[in-house]
Amino acid sequence: MRPSGRAPDEMRAITIETGFTKHAEGSCLISFGDTRVLCTASIEERIPPWLRGKGEGWVTGEYSMLPRSTHTRSSREAARGKQSGRTQEIQRLIGRSLRAVVDLKKLGERQITLDCDVIQADGGTRTASISGAWIALRLAVNGLMKGGDIKEDPITGQVAAISCGIYNGTPVLDLDYPEDSSAEADANFVLIEGGQIAEVQATAEGATYDEEGLLRLLRLARIGCDDIFAKQLEATK
Amino acid sequence: MRPSGRAPDEMRAITIETGFTKHAEGSCLISFGDTRVLCTASIEERIPPWLRGKGEGWVTGEYSMLPRSTHTRSSREAARGKQSGRTQEIQRLIGRSLRAVVDLKKLGERQITLDCDVIQADGGTRTASISGAWIALRLAVNGLMKGGDIKEDPITGQVAAISCGIYNGTPVLDLDYPEDSSAEADANFVLIEGGQIAEVQATAEGATYDEEGLLRLLRLARIGCDDIFAKQLEATK
Amino acid sequence: MRPSGRAPDEMRAITIETGFTKHAEGSCLISFGDTRVLCTASIEERIPPWLRGKGEGWVTGEYSMLPRSTHTRSSREAARGKQSGRTQEIQRLIGRSLRAVVDLKKLGERQITLDCDVIQADGGTRTASISGAWIALRLAVNGLMKGGDIKEDPITGQVAAISCGIYNGTPVLDLDYPEDSSAEADANFVLIEGGQIAEVQATAEGATYDEEGLLRLLRLARIGCDDIFAKQLEATK
Amino acid sequence: MRPSGRAPDEMRAITIETGFTKHAEGSCLISFGDTRVLCTASIEERIPPWLRGKGEGWVTGEYSMLPRSTHTRSSREAARGKQSGRTQEIQRLIGRSLRAVVDLKKLGERQITLDCDVIQADGGTRTASISGAWIALRLAVNGLMKGGDIKEDPITGQVAAISCGIYNGTPVLDLDYPEDSSAEADANFVLIEGGQIAEVQATAEGATYDEEGLLRLLRLARIGCDDIFAKQLEATK
Amino acid sequence: MRPSGRAPDEMRAITIETGFTKHAEGSCLISFGDTRVLCTASIEERIPPWLRGKGEGWVTGEYSMLPRSTHTRSSREAARGKQSGRTQEIQRLIGRSLRAVVDLKKLGERQITLDCDVIQADGGTRTASISGAWIALRLAVNGLMKGGDIKEDPITGQVAAISCGIYNGTPVLDLDYPEDSSAEADANFVLIEGGQIAEVQATAEGATYDEEGLLRLLRLARIGCDDIFAKQLEATK
Amino acid sequence: MRPSGRAPDEMRAITIETGFTKHAEGSCLISFGDTRVLCTASIEERIPPWLRGKGEGWVTGEYSMLPRSTHTRSSREAARGKQSGRTQEIQRLIGRSLRAVVDLKKLGERQITLDCDVIQADGGTRTASISGAWIALRLAVNGLMKGGDIKEDPITGQVAAISCGIYNGTPVLDLDYPEDSSAEADANFVLIEGGQIAEVQATAEGATYDEEGLLRLLRLARIGCDDIFAKQLEATK
């Protein structure tokens, strides 16, 4: 039995509030149960130095947890003077995941930064970040197209992410914090609408799993992401 | 005329949503018009090294702006590797202001950290932070008293803050961003319910003002803080 | 009674030694009793990036305490790898205060940095820094005008600063360290010769004061600054 | 056709030189073609603070590339003042992978640090690091057991890692740099001798792959790791 | 001919003002011509962690140049966030030089820090620092002995330092800045009263010198240090 | 008697393996007994900002010890976030030493960085670095000349370095770690082929030595460097 009483393939309630902040070109507050992440898309008419003159744009991600988004307060990375390895790993994952569905040539010489700030954490913050970042990106690009800055849509599809894991021997979908902290293995899947895989990060600390286990988690992830894809479309209509 | 059409002594609409996050011992999302700050109070059963063995507690503040809380995106202080002078100045101000209404002996050997994270900025973020932090603190201390951890209330009064300034030659209350960025002078007042002043920071870059000007701003601040004191009470009832 | 035996409105002895170092375009060693600060003005024919092309100059301040300027040795900020919040706050205050009496257009596209290094500390180091920095600035600008680099004097007036506080219930002028460390409230005033206020920073940690108290401190500050203004003129004649 | 002329399921030549440095408790220089990594295991009789008193040990990994291990020189992370996100991600992966085959209780209250320093890079440095680190660990633990410091072998199995990817539409094993830099997708597999999966990191930047593609890469990885497992055994005999 | 008109073996005027700051246990402002360094000795009743329990004390040095001690302003190391290689090299040299004349056992479990802050630079700041630091140390230790904290004098002799160099082909003593910046070779000698050498740092960038040249510089250094030894004694009488 | 049984003027076995890494323009692994340093020369067609437009090149050195090159593991400087004073001192020494034999005009507007990474340490790592760096530089410049990028050889001579010291009262050549850690005094000499001295760093912590002692060490250094000069020539033939 899951601590929340959910069925193994049951997601938490997803809510999406678009336009949560007024300055960003695109934004949403996305919730998976008690996990809440503010995702904003910021367009800047400049690109990283190593891309100059190539006629391409760039999409990148940043991630942070508010100090008291967690059960016990964590010190600020700004106060400690550096970002943790975990933060940097997640930031890189967010950027790669979104770039998997963007044609950077069509974006033109501009950069879109997807800031994912965790307001409240209850497991699955990195996957909620990716799923919400797509919405912020979609809204920002809609604005660019409406304003005539971009002719052809640079977004080639939808991307969403979800965590799965083996909890008490059972593969389960969308781990919350109590499950996450005692799962034998957990995996984050980043999937593209239509069936393709953008990224798999399957980690077993202590425990391990076999090919069949990996496939069962992947199939759960498909169920979850199909749900998210629908919610994303609805939110950006 | 003020850009917003407000009267010189007219505040922006204040809204307060308590319990905005579930992990913190006290929290609220406070808004002054489009300025929105998430304030959380975190209780820790430890104190700074220099206070050990004195039988006293400590109250401190931290402050940050989300990268896209502003018109144009700012880089993260965590990514730059240090907090700006402005951030540190505001953090120190928040801490001092709250300590002005706390009896640290009665608090006992524990620390309360007031995290003020700006979700959206439109002027007056530091004063909104102080006004909201008092609410988070009040809620957290209520919990300590209800749980029997503290016998006597360590909070000795209410504290609130507001900015005033001289805009187009007229003293005005509660500056928003368009006013703040072109005011001839601006001042932040931290006031105690009942008439006392906890802190004045009156700054004139380029312009200056005389004694009479300072007093007129102080009187506007009293009007504003009286409004905030009432809202604080209502929110923490 | 004050620990030093001074009357409430009595300043410490002020001495000013101009030309204390030979490389700086302007310099002085200013003393308020045992507080001694070396102030230098350095002219550079370059301006911060965000000012380029505006035909204006810039005036900025830096501040530091020598490690053994205080009763017990403090570690070097350079060794710790960052400047404290207090240092940054004071640096920003020095810069704003001096800019309040400089016409940046008339200064032309150059930057003047006012370095205030505390040789010995006994209270009031930030206000001594501002009062001494004006002298260094005046001397440096005199040199620019004599050399024909500037036609019209960009300095629009004199600026000086002094601390006041409530000590044992009595408002007193020019706090020394024993007073500063046990005052109920203290305030730093930056005043312009002729009666205008450039900046007020009135802080009460624990104690508070009312409007009347603030005004009494302001009046003491006027007495003190008038004394400093006279000394500044004499030193730069 | 692969640039090196290898068959799709053909590994590069693996060489292992154990005892490459004399101070480390275990060490080897492992080569996969032109990729050469020095792996050392250092035993320290101390554990991280958060493990104290639990009667367990710890295994952790560190990773670095010499500045001229690559085609063009990279600046030193020590000179830049921080480790890159990539470095931290790889360090965390090395640590997790090795802990997957260590019983930390049986290790006792000591820490083993696996330093993986890339002498020359030609693709696959992180997987070579993991495969070599196991050898260094095995040798270090052999020493502990021979010296009587440990009774029961805390190493529960062999772990090895290899990269696979889709190059010109074909799944290939053990990517070298020319393949790695132009592969449509690549994946790093960390496998346990006997068939279990410790970690999968499958990343597609731009391209994506389906379930079948992932499985084909996993099967290639098994072929590669079986080869490495044999070489590891031989080297530590 | 030397730019200053001095003879090859002629020192600049040395002046020493002891007790320059009141808080330090020992202090002096030492000048070699226009080079002026404030040296303070701070006694702390604690020792570095690696010395604990050995019954010994420690003597260490720190060094800094005020930003406008030089011809053109240098940025603060505290603002840049790290100390330069040059600063660290000089700090290490000051510490070693002073330890060469201190019996750390007799000093007892306390640390003396010698802070050398350059007020004005005109060549030879590191050697002036060492020569002045000995005076500050002597004064501080005198205080410890007078106060009965130390029975036996831990200072075993006098140490002084001077720079020499080859300027326009001629070996000269006590280089000032114009000489230092165009000398073919320069060397810093740290000598012990009585004839022993504590440290030689002879550097030739571009030019080089032979054994005879090194010896001629050493002999000049003896002349200079004998002068300093006499001044040190006089100042600490 | 020396711990190794060597005669006082006997060097350790020197071995040099050129071309140790394939990417660098010049490289060697140089060993002095158990001390092993990887030296690489990297040519970059850019120069430091302060050299631009002068028609000159630059030669610089960097140095690092692998964490387990020593008896006990040291933490990484990259993880600590800064390079130690010792590292910076050695880097500066390597750069100066190599520049002593390079005509920067003839090098043209390019920079050569000499990276010296200590694989295994047993005393004398900085002197081995200099001696090996010359080989890497020679090989890299040979490549530039062969490729026609440089017409005239910018290398004006050979440079090598060796440490000497007083061990148990006897001057000895080429200290290994057991000697280095208990020597009364030690000195590093950087010599130019033909008899000139580029640099002397003679340090006595606690002990001291006289003029005669310094000369005896210098003569030992000549013996050692003559041996190294021959090995360098042989390796770069």
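To keep things simple, chains are lettered A, B, C, D, E and F as they appear, and every chain counts its residues starting from 1.
What we mean here is this: a contact is a pair of C-beta atoms (placed from the backbone, for glycine too) under 8 Å apart; a residue touches a chain by one contact, two chains touch by 3 or more.
Just so it is clear, the structure is predicted and the values come from calculations on it, not from any experiment.
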item: Minimum number of chain-to-chain touching steps separating subunit C from subunit D; value: 3
item: Other chains in touch with both subunit A and subunit E; value: none
item: Centroid comparison with subunit B (C-alpha atoms), farthest chain; value: F
item: Rotation, 0 to 180 degrees and nearest 5, that superposes subunit C on copy subunit E via CA atoms; value: 180
item: Distance-maximising chain from subunit C - centres being C-alpha averages; value: D
item: Length of the line joining the C-alpha centres of subunit C and subunit F, rounded to whole Å; value: 50
item: Centre distance in Å when subunit E and subunit F are each reduced to the mean of their C-alpha atoms; value: 28
item: Touching two or more other chains - residues of subunit F; value: 81-83
item: Ring walk, subunit A to subunit B and onward; value: A, B, C, E, F, D
item: Residues on subunit F engaged by subunit D in the complex (per definition of touch); value: 21-24, 27, 34, 38, 40, 42, 44, 62, 64, 66-73, 76-79, 81-83, 87, 113, 115, 117, 119-121
item: Residue numbers on subunit A that touch subunit D, as the complex places them; value: 82-86, 88-89, 91-92, 96, 99-100, 187, 192, 195-206, 208-211, 213-215, 218
